[in-house]
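Letters A, B, C, D, E and F mark the chains as written, and numbering starts fresh at 1 in each.
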Amino acid sequence: MCLGIPGKIIAITDAARLMAMAEVSGVRREVNVACVAGNDLEALVGAWTLIHVGFAMSLIDEDEAARTLEALRDLGEAQEALDQMAAADEALA
Amino acid sequence: MCLGIPGKIIAITDAARLMAMAEVSGVRREVNVACVAGNDLEALVGAWTLIHVGFAMSLIDEDEAARTLEALRDLGEAQEALDQMAAADEALA
Amino acid sequence: MALRDTHVTMAHGGGGRAMRDLIEEVFTSVFQPPGSEDQARLMDEALQQPGARLAFTTDSFVVTPLEFPGGDIGKLAVCGTVNDLAVGGARPLWLSAAFIIEEGCEIALLRRIVASMAAEAALAGVRIVTGDTKVVDRGKGDGVFITTAGVGVIPPGVEIGAQCIRPGNVVLVNGVLGDHGATILAARGDLALSVDLLSDCAGLGHLMQAVLAAAPGLRAARDCTRGGLASALNEMAAEAGVAVELEETLLPLRPEVAGVCELLGLDPLYLANEGRLVLFCPADQAEAAVTAMRALPEGQGACIIGRAHPGTPGRVTLRTAFGGARLVDMLVGEQLPRIC
Amino acid sequence: MALRDTHVTMAHGGGGRAMRDLIEEVFTSVFQPPGSEDQARLMDEALQQPGARLAFTTDSFVVTPLEFPGGDIGKLAVCGTVNDLAVGGARPLWLSAAFIIEEGCEIALLRRIVASMAAEAALAGVRIVTGDTKVVDRGKGDGVFITTAGVGVIPPGVEIGAQCIRPGNVVLVNGVLGDHGATILAARGDLALSVDLLSDCAGLGHLMQAVLAAAPGLRAARDCTRGGLASALNEMAAEAGVAVELEETLLPLRPEVAGVCELLGLDPLYLANEGRLVLFCPADQAEAAVTAMRALPEGQGACIIGRAHPGTPGRVTLRTAFGGARLVDMLVGEQLPRIC
Amino acid sequence: MKFASEFRDPAAAKVLLAAIARKADEIGATRAKPVHIMEICGGHTHSIFRYGLDKLIHDGVEFIHGPGCPVCVLPMARVDECVEIAETPGVIFTTFGDAMRVPGHRKSLIQAKSAGADIRMVYSPLDALELARRNPGREVVFFGLGFETTTPSTALSIQAAARERLTNFSVFCNHITVPEPIKALLDDPDMRLDGFIGPGHVSMVIGIHPYDFIAADYGKPIVVAGFEPTDLLQSVLMVLTQIAEGRAAVENQYGRVVPEHGNPVSLAAIADVYERRPSFEWRGLGEIDASGLRIRPKYAAFDAEEKFGIGYATGRRNVPELEGCACGSVMIGKLKPTQCPQFGKGCVPEMPLGALMVSSEGACAAYWQYAGAREAAE
Amino acid sequence: MKFASEFRDPAAAKVLLAAIARKADEIGATRAKPVHIMEICGGHTHSIFRYGLDKLIHDGVEFIHGPGCPVCVLPMARVDECVEIAETPGVIFTTFGDAMRVPGHRKSLIQAKSAGADIRMVYSPLDALELARRNPGREVVFFGLGFETTTPSTALSIQAAARERLTNFSVFCNHITVPEPIKALLDDPDMRLDGFIGPGHVSMVIGIHPYDFIAADYGKPIVVAGFEPTDLLQSVLMVLTQIAEGRAAVENQYGRVVPEHGNPVSLAAIADVYERRPSFEWRGLGEIDASGLRIRPKYAAFDAEEKFGIGYATGRRNVPELEGCACGSVMIGKLKPTQCPQFGKGCVPEMPLGALMVSSEGACAAYWQYAGAREAAE
């Protein structure tokens, strides 16, 4: 459950009500940013958030995302090494 | 103004509310009979009334109607007599 | 029986399996259109005769109530389009039927309407060959609207139309006037009238063929639907550039229809009909046309009601029983019940 | 200018002068149907060639809003019926147009819709030759519904249809998918989405002629309207008795359409299109078909998206970017925005 | 007897027309110097055109169409008030069909309906009452319109609503009376009338004595008439006979329906529910003293003017009528409809400017509809 | 970075699938004797089918579809109550689209709408709030549905309504929590699961520690996962790695979105507005202690259960579910959807009997939709 998708905050639309415009692949929708707003609302502009039912529920952590992708790359390299070893084994066999 | 048409009372439908069924050339509609109701509501059945906006407004007086038609007939006979006289005059001329 | 619902929901319009089930079970299993494409592929040898023309017409049907004494919206939708083809001299061949269904419509009602269409099409000798269904939100429709389009063939040599009308032509109708309009007014219930009337709704294709055979000089025909006899005659007189005079004493009218009109202050000449047409033909073929019509159930009340003459073009008058005359004009808007 | 009202009232449906004025000023003066009878009388020499067949189809159009980025209900009503004729191999010739107008509808809006229909008909090379208008009470309609029926001619020798599809045939589309559906979802306003998209609404008659010329072995075509590509393919596969496999990586999709789908939890394969068709043709003619389509504005995004194969008849699958496969089934009801 | 077809006998009509012709000749009436007879009631106007009596009758008899169509004499400001009430959220506004097309300054009821107001045509105020019973959450307003014929029906409906303690039913009262405008017409110095056909159905309620002043004070004959063609012709003959004999009396041709003293139940209901307004505005005739009725304070709960704070009570009266409208002059017989500068131009039945073009009994609409004057104007 | 496409890289997926295969072989998982991994969340079920992961993954890994679709676990009695509220005159009932087709005993919301109830689909509770602002004369009820992911949105909406003093907005609260049913599943003696994929979006609200008991008390690995295909595969690999290493821990694959301790604003809003019900009924699982939330008394003015006197407060609970429905057994992994006697017979997506057939994340609908089990059943 819980359809959530990453969207970028592109503008604050109603600071009093904590509303901001979010964009997902060129689609804009006003969302509530109560859950991700710090003291400086404007600082949110440009941030990526996870959007669910019209609310920005979580700030997306770019470093963490990069780390996850890096782990995948590492695994790929390990795999390649394994494959080469297997190929070498096979060639030797 | 005041579209009114003769309709015959064919049944009492709601004595408390003084409602009755009236018929006009085979078309039935419930009408209020407050304006034409005497002491015996059932006596209305069979009577002709003048109907306006869903109310029986007046009992139609059959004798008066007959008298009016008779006056027309009399006029017709007088006319015929006149015509005959005119024809006789012409024949003589 | 994949269709388990008793009422139509928005799901039945969504393009998916629910829609397919509705269409197959309620519509195409009854109409059996040819082929599986969303178009019918048709040919009739009459169409390939030199000089033959194709006739094409359409009408949407929006009656309330959907079922009424003497018919339902489905019967109307078939007859209306068959008649529009027939009065132009065409032999009706194929019909399309598009349904706009309001969410909440009872499926059993749809089945009755479809059965009635199929029966009427069979009677008229036409086939319902293609169609469509849409579902609209509650409050955006009225039960069901049906739009039919019809294709027919006008054989070589048949050339009728208002422009063929000439002064001296006789005006005929095929039966009593206003039954449909009066029936619907009463059936709607909001005026609380009760009357034993049936809609005159009928297909007139066979009747037109009979008239064309009996009175080959037939000049023009038109069905007297919305706006009644008066509107049809006004249009025809204007297009023909003739005047028309009707005889009040010849107009066929049921007492019940007259009664509805007197109660509500309406004029029966403007009441809708769904199985009545008005014809213009040369005076010497009028009796033959009447006889041919009277031989058919839908022409029982056929009679002469007036004639075209060289008066003010487009002017329709009625000679009253007193010898007076009044203009029978186009209606302005719709006929509204009057108190005065 | 006898029509003085700015909005439609019940009077405009009553069969009288107000109705006549509305019809003449708003509709027939623009469409200029032939003749004055309530039927068009037509002939086209293509129809009299031996082996030619008449194609006949209909659709009702009920879109909200009536005007949207890239089109309006009038454009839809012309394109939809032109396309239903075209995808069957017919040359579209004549259209009927029946309007069910809700009381209160702005007359200026009707004029815009009618102008849009006339322009689109001219583009498509068809004529609107007959029609009808009805007015329904407020709350019994939705601005305006339009039902068009279309008649065209299938030339001798053209024989396409789902039953002609064979395993090995290649599946093509003429452009990106779901623009219309996503545009309408956003234009409706109730989801408060804003996106720069235009409906793909377009007439595909010329494109079909170009494909038929470039790829004479074309087996079948269908427009992907309600229910989207997925529904069209499911129907065709079932009728053809073949399986179809699509390649996810080949499916053309705008990022904005993908964005609307992700936000609402929808599948773009089920989004409606109004100017997109899916084609099946022999593998060796697929490139020619793509090239022919890309030469036309309405075929800019043409591409191959999959192929028919001898698997479970009627089964449509999608090979994902990962080499996984999923069933692309018929939709159940309508696609509803999801939270989960 | 069906009390209708018997009075449509063409043979009898022929006899009557001949007798009228003789009588007209006798008093020297000619096309150039006609006898002017006003049929007060729009229903009579309707019958005259429907049966073509105006063309059949002797050239020396000219019908002047009176103010007796309650729809026609309704001022625009009153229609505006109807629209205002009908557009109030929660209201179901009920009306006779006739009133739907009457133009207000902004719009007619049919236009208000098309713009979303919940306006329903009814055949009877009883139907409006029934709607109120069935829609307890909605305020059902009935557009009470008409002369003395119709007044009892709304009075009885209000009494019924009071008995049932309905709290969501009210009447927007526009009932008017016949004798007062007749007096106003007779007092107009431009007016030249020789006699009157009296309104048959008004009279079945009020009887014939309210017209005594016409004969007694103004010396004009008046004959209360039925609506069938021989009724009308017979009544014309009776008027001409009085003129020929130099008499002026109130006579009753419609005795089968009209009792001399009217209908006591109706009169009692009117008296219970309504009282006279000091004055009421008539289209084209202006304010006429004591010519309109209002709901008595004891029934204020059923008075839409009170409930909505609208109408005479508010003092916002005398909204000017549109310019160029000759309705007033047509109604006093000074101008014929075709002489109005707006006839067939600014004013047509599709979009009536003046109210005489709205109802088919309006003198202008009747001319347009039945007399073919349109062709001349177009 | 767009935080989506990067995690759909087929090359990375290939690497992950190979690593999973090696790990599965390592622990001796085979088709006959598979590792059972439950993805708790319906969104994960959806992704698995959408990307065909079930077919690509090593034969020895079997996904068990958990109870994590809030629409699926809604008992019929609750739908009946929705219909009852929606059919109340004056109510605008707002809901996420998913819930429209869930069958109640009498009807679904889509059927209630077709029968005249004013039911509107919204994308967000904020849209319902806006409807309430724009329709002051109507009571706008929002069908509050969902796990901890969704709960903050309705809590914040209720707080906003309270701040604005709206009197016509209320929430029919059906919010439920994830940890409690997982505990119930783990306590079932028929249950045999080797590890869990934890719900990513629930966890961004509550953090990862609420799952500690799964590892600590039941010795099962759990990895909180994202929803993109490589997220899922990576998480499966992490679960298998724990199994291979004989560990059981709570791990977080979805660190880019899920903070260890969740979202403090969301948690505060939930705590302010909601409190735990003693128990709540789950379709197929029965009443589960402390698994549902209700609105606190201080927000009673926004509680549809209070406003309409409906639901748990009335004591009319425990309406029996329909017979023959195996939803419960499917949800604990005891039966596969295709083993339900109703699958494809009494229960199809067009007319779902059990709730697992309603939402495309429901295990039965997912089987029907993507796995082609229909052809077998038909």
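We adopt the following convention: a contact is a pair of C-beta atoms (placed from the backbone, for glycine too) under 8 Å apart; a residue touches a chain by one contact, two chains touch by 3 or more.
In this text the structure is predicted, and so the values were computed from the model without any measurement.
Colleague: According to the touch definition, list the chains common to the neighbour sets of chain B and chain D.
Modeller: The common neighbours are C, E.
Colleague: Taking each chain's centre as the mean of its C-alpha atoms, give the chain farthest from chain A.
Modeller: Of all the other chains, the one whose centre lies farthest from chain A is B.
Colleague: Counting C-beta pairs in contact, which comes out ahead: A-F or C-F?
Modeller: Most C-beta pairs in contact, of the two: A-F.
Colleague: Once you find the CA centre of chain A and the CA centre of chain C, what distance in Å lies between them?
Modeller: Distance between chain centres, rounded to whole Å: 64 Å.
Colleague: So what's the Cα centroid distance for chain B and chain F, whole Å?
Modeller: 78
Colleague: Centroid from C-alpha atoms only, then distance chain A to chain B, rounded to Å. What do you get?
Modeller: Chain centroid spacing, chain A to chain B, equals 89 Å.
Colleague: So the centre of each chain is just the mean of its C-alpha atoms; given that, what is the distance between chain C and chain E in Å?
Modeller: 38
Colleague: Quick check: what residues of chain B touch more than one other chain, meaning two or more?
Modeller: 1-3, 5, 25, 29, 52-53
Colleague: Return the residues of chain E touching two or more other chains; collapse runs of consecutive numbers into ranges.
Modeller: In chain E, 4, 42-43, 69-71, 96, 101, 110, 123, 127, 146, 150, 349-350, 361 touch at least two other chains.
Colleague: Got the chain D residues that touch at least 2 other chains?
Modeller: Residues 9-11, 17-18, 191-192, 262-263, 332-333, 338-340 of chain D touch two or more partner chains.
Colleague: Any idea which chain D residues touch chain E in the complex?
Modeller: 2, 4-5, 7-11, 17-18, 21, 103-104, 138
Colleague: What part of chain C is in contact with chain E in the complex they form?
Modeller: Chain C reaches chain E through residues 190-192, 262-264, 312, 315, 320-327, 329, 332-333, 336-340.
Colleague: Inside the complex, what are the residues of chain E that reach chain B?
Modeller: These residues of chain E touch chain B: 1-4, 6-7, 9, 11-12, 15-16, 18-19, 41-43, 68-71, 96, 123-127, 146-147, 149-150, 152-153, 156, 160, 199-202, 204-205, 226-227, 230-231, 234, 253, 255-259, 263, 265-266, 269, 361.
Colleague: In their complex, what parts of chain C are in touch with chain D?
Modeller: Those in contact with chain D are residues 9-20, 35-43, 47-48, 50, 52-62, 84-85, 87-88, 90, 94, 96-100, 129-134, 136-137, 139-142, 145, 147, 149, 151, 154, 161-163, 222, 225-228, 231, 235, 239, 270, 272, 330-335.
Colleague: Which stretch or stretches of chain E touch chain D in the complex?
Modeller: 101, 110-111, 113-116, 349-351
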